[in-house]
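Here the structure comes first, spelled out in structure tokens, and everything after it is commentary.
Going by the order they are written in, the chains are A, B and C; count residues from 1 in each one.
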Amino acid sequence: MTPSTMWIGPLCGLLFAPLLPGVINRVKAFFAGRRGQPILQAYHDLFKLVRKGVVYSETSGGVFRFAPYLTLSAVILALFLMPMSGMRAPLSFQGDFLLMVYLLGIARFAMVLAALDTGSSFEGMGASREVQFSALAEPCLLVGLLFLSAHSGRVGLSDILGRITAGSWQDMPAMLALLGSAWFILLLAENARIPVDDPNTHLELTMIHEVMILDTSGPDFGAMLYAAALKLWIFGALLLNLILPLGPPSPWVQIPFFVIGMLSIAVTVGVVESIMARLRLLMVPKLLIGATALVTTALIMKMAVR
Amino acid sequence: MNPWLFVWIPAIAGCMAYFISNDALRRTLWLSVAFLHLIGSLFAASPPLTLFPGAWFGFDSLTALFLPITSILFLGASVYGVGALRRDARMPHPDRLPRRSFRFSPEAIFSGCMLLFLASMSGVILSRHFGLQWVVIEATTLASAPLIYYHRSRHSLEAAWKYLMICSVGIALALLGVFCLALAGSGAIETLTIEGMLERAGVLKTAWLKLAFIFILIGYGTKMGLAPLHTWLPDAHSEAPSPVSALLSGALLNCAFLSILRVHQVCLPCGIGDFSRDLFTLFGLVSMGLAGIFILHQPEYKRMLAYSSVEHMGILSLGVGLGAAGAYGSMLHALNHSLVKAMLFMAAGNILWMYRTKTASAIRGILRRNPTAGALWLGGFIAIAGSPPFGTFLSEFIVLRTLLDQSRWLAAAIYTLSLLTAFVGMASIMLRMALGDPNPTETREKLDPLCIAPPLILGFLALGLGVFIPRDLHLTLIQAAQAIGGFMP
Amino acid sequence: MTTLTVLLALTGVLLLGSSRLSISIRLVAIQGFLLGMTALWGESGFHAAGLSSGLSGMLVKGIVLPWLLLFVLKQSGARREIEPFIGFGASMLIGLLLMGLSAWIAWRMQLVEQGLSPALFTVALDLMLVGLFLIITRRKAITQTLGYLIMENGVYALGVGAGTEFSFLLEIGVLLDVFVGVFLMGIMIFRIDREFEHIDTDRFIELRDTASGKLPVEAGEGVR
């Protein structure tokens, strides 16, 4: 594998990430019997926002101006740590999975700070929920990575995820299935999808993610939207690494499969959003703890079997 | 004699009793089975012991001691029970709720469960296989839970639920112990018998055996009422009908004790006898101490008797923990305690029927109101407190002497202190109930002779054991003590 | 085999998190089924010796007892929610701790050297602890029965793991005991429901040692 092909995955991510929300929306529209917005709508939105001016509220300070770009850059950096389509990530070193988790944490931290900086009570509420739920979701991600790290005996993200093969699925189908389902829940929760959060809701009281970025506008808002799409891409890639172990036949075979896989994850998310109702906020922690319990069960049983 | 008969005859009779609607016929069946069982067990226990080399059920010295105890108590409780049913028909028990529709008449269920209870207890005493033993012990719980719930009051329901739940959980832990026992050996079926384990004593894995002993001690110890696992015991004993309380305390606790002794028997030749003895001593002392505290100021006299059972189970356990000499005392005490405690529960049943309350402070002057009931109560008090003419004195003294011989001063101090506490507690309650002037409005009623004879006979037996131990019994006791305590000094 | 143990462990965790009685009962049924499968499969493929115990276990623990409990649940007017003393999230976390503890114990016992399956031991211990935990922290009589059943399942799993070859009759005896036990508990839940108009065992406080001098409820309270 030539080093240059390693860059293809992340570049695909930068390029195609806004496709995912479009696909999800189209699937939801299909289930609702509508035609729905164009698949490329997210791109139009981004271009429109970049060309617009910014409005800042009087109460907000420097943090608010600075935060969207911090979020975006942290997420982009995380993207470059994530191995995709069976290839190593361009940036990889021992223990980088911790860095990835914390980069995502920084992105969230910046977003929360911005939300608090507006001084709006709605945004503060959203921030509080975001922090509460992410505190429960992060163990799920970390324990899952620990499980895979125990499986592979490595501590680098590319090594950990690269060691999953079709053979591992034959060896421990139940554990990997537990991990897969937990990470799917994690994907829904981290990306503000139903059943945790409803991206289309119009009631600020029930929002989590959307309410935090109510005050951002123009290119700032674009950065936030783009960061959200990239984050979805990162979690999708993580899940895909697990459930679709692409061996190394050749990059030119892997990449189409990878993109198709990503799109099918988006379709699945759309289906889930269409057929499920949002959970009561009180139930969300239970769901996340449940997801963590699934991966921890897998980890403990892995340790016991050893 | 085939040991299976001791299990099957009561079991079949018990199943039949459910379907017999004629009271007289059912009672005849019940009493005749009880009588037959006693004859059979005395015959089987009389030397020379015919060891039945069965894999499942068989006789040995411990069986020869415990089976007759159970038979005697069961016959006594049955006679008393028939009397109690007779008088309950005239004047319902205070706890009894108005009768609702039942598929079987309550009495049919009662006698049926009694007989099944006898079958399962005989099974526990006779079983030689640890798996089978587990099955029959759980069966004793299942057969006796409906008995506790006989009065169908809220209290008895609560007591029966606690009994069923706590004992089932405890016994499930004991099953874990049985599996550990299997792991200590090779796990094959034929090696889980006592003989099989003893033969392979040299090659058993002691770590697993220790684990097995702990789990079985906790599991069956729950059933035996060792503190702090005794929590079901006062409730069940106070709410059950008195003949059932007598059986629970006098027979069932012994059965559970015997089951633990079986594992102890295996532990001895494997070199971990000290380990199991220490645990016996510890549980024994804790039970005695705790029970002594709870007896003081106990407001209900049946609960007080129940705590006294916990205390005496502590004495049994402590005795075994002291090696062979203590084990002799322990075995003798098992016999004495069963007789005396059954007698006391029956006497308590008479008092409950006369006064219709379990609260001790509401009762004064039994001796004046009904001299027979009062005399039984007082006699029982003297016997359970371990006063000289009774056998309990002898056995308690043997345990104390062994403690002193072995220079276990602390244990001896706890032992004497607990006995003293229990004595003070019981004296203050029981003497107050027996003596004094009765309430003038209370009338003297006549007790059914069937409710007087059994406790009277049991009391005389206990008295007789204090004066004279027959040679055959002495030999059996020595053999039993050797089986669970090594050689006799 | 590993798959079965993982699924068994999962049922334990889910049972701690489930808030509806009917779901809990169904989870226990699944657990019984999985246990039967473990007895059937053994460590290496199909295991003919476990046929009788596996099938009878599946029948009793997977079908008969859950059906009985569902029937009791339907008959008693109890609320279908489980009301725990400890919340579901916390229960699940404790369940994970218990599982970790079991794995640690299984590891400490050096089972592999003795040719025993540490995974099955972990699950067995875990189920026993989960059962005990449910008995302690859930207040309904029916959940306590479930806890007992789960604990019993754990012991059974240990028996399978220990490779104890009980004879068929003994297996039947053990199962019969469990069956009659749960049956009696079911009958008593009926009665508790009728006498107390609830099945909350934490309100079972009428029997106690009132050594502090307060007199207990008069025993004659039952007389109406």
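Odds and ends about this structure:
The criterion applied here is as follows: contacts are C-beta pairs under 8 Å (C-beta built on N, C-alpha and C of every residue); 3 or more make two chains touch, one makes a residue touch a chain.
Nothing here was measured: the structure is a model prediction, and the numbers come from that model.
A simple rule picks the central chain: find each chain's mean C-alpha point, then take the one closest to the mean of all protein C-alpha atoms, which gives C. Two chains share more touching C-beta pairs than any other pair, namely B-C. The distance from the centre of subunit A to the centre of subunit B, each centre being the mean of the chain's C-alpha atoms, comes to 66 Å. Each chain gets one centre point, the mean of its Cα atoms, and the points for subunit B and subunit C are 29 Å apart. With centres taken as mean Cα positions, subunit C sits 39 Å from subunit A. Only residues 114, 116, 128, 132, 135, 141, 144, 148, 151-152, 155, 158-159, 162-167, 170, 173-174, 176-177, 180-181, 184-185, 188, 191-192, 195-196, 201, 204, 206-207, 209-211, 213, 215-216, 218-224 of subunit C touch subunit B when the two sit together in their complex. Across the complex, subunit C meets subunit A through its residues 2-3, 5-7, 9-10, 13-14, 17, 88-89, 92-93, 95-96, 99-100, 102-103, 106-107, 118-119, 121-123. Within the complex, the subunit A residues that touch subunit C are 172-175, 178, 285-286, 289-290, 293-294, 296-298, 300-301, 303-305.
Remark: subunit B residues 94-98, 129, 131-132, 134-135, 138-139, 141-142, 145-146, 149, 151-155, 157-162, 164-165, 168-169, 172-173, 175-176, 179-180, 182-183, 187-189, 192, 234-235, 238-239, 294, 296-300, 303, 352, 356-359, 361 touch subunit C in the complex.
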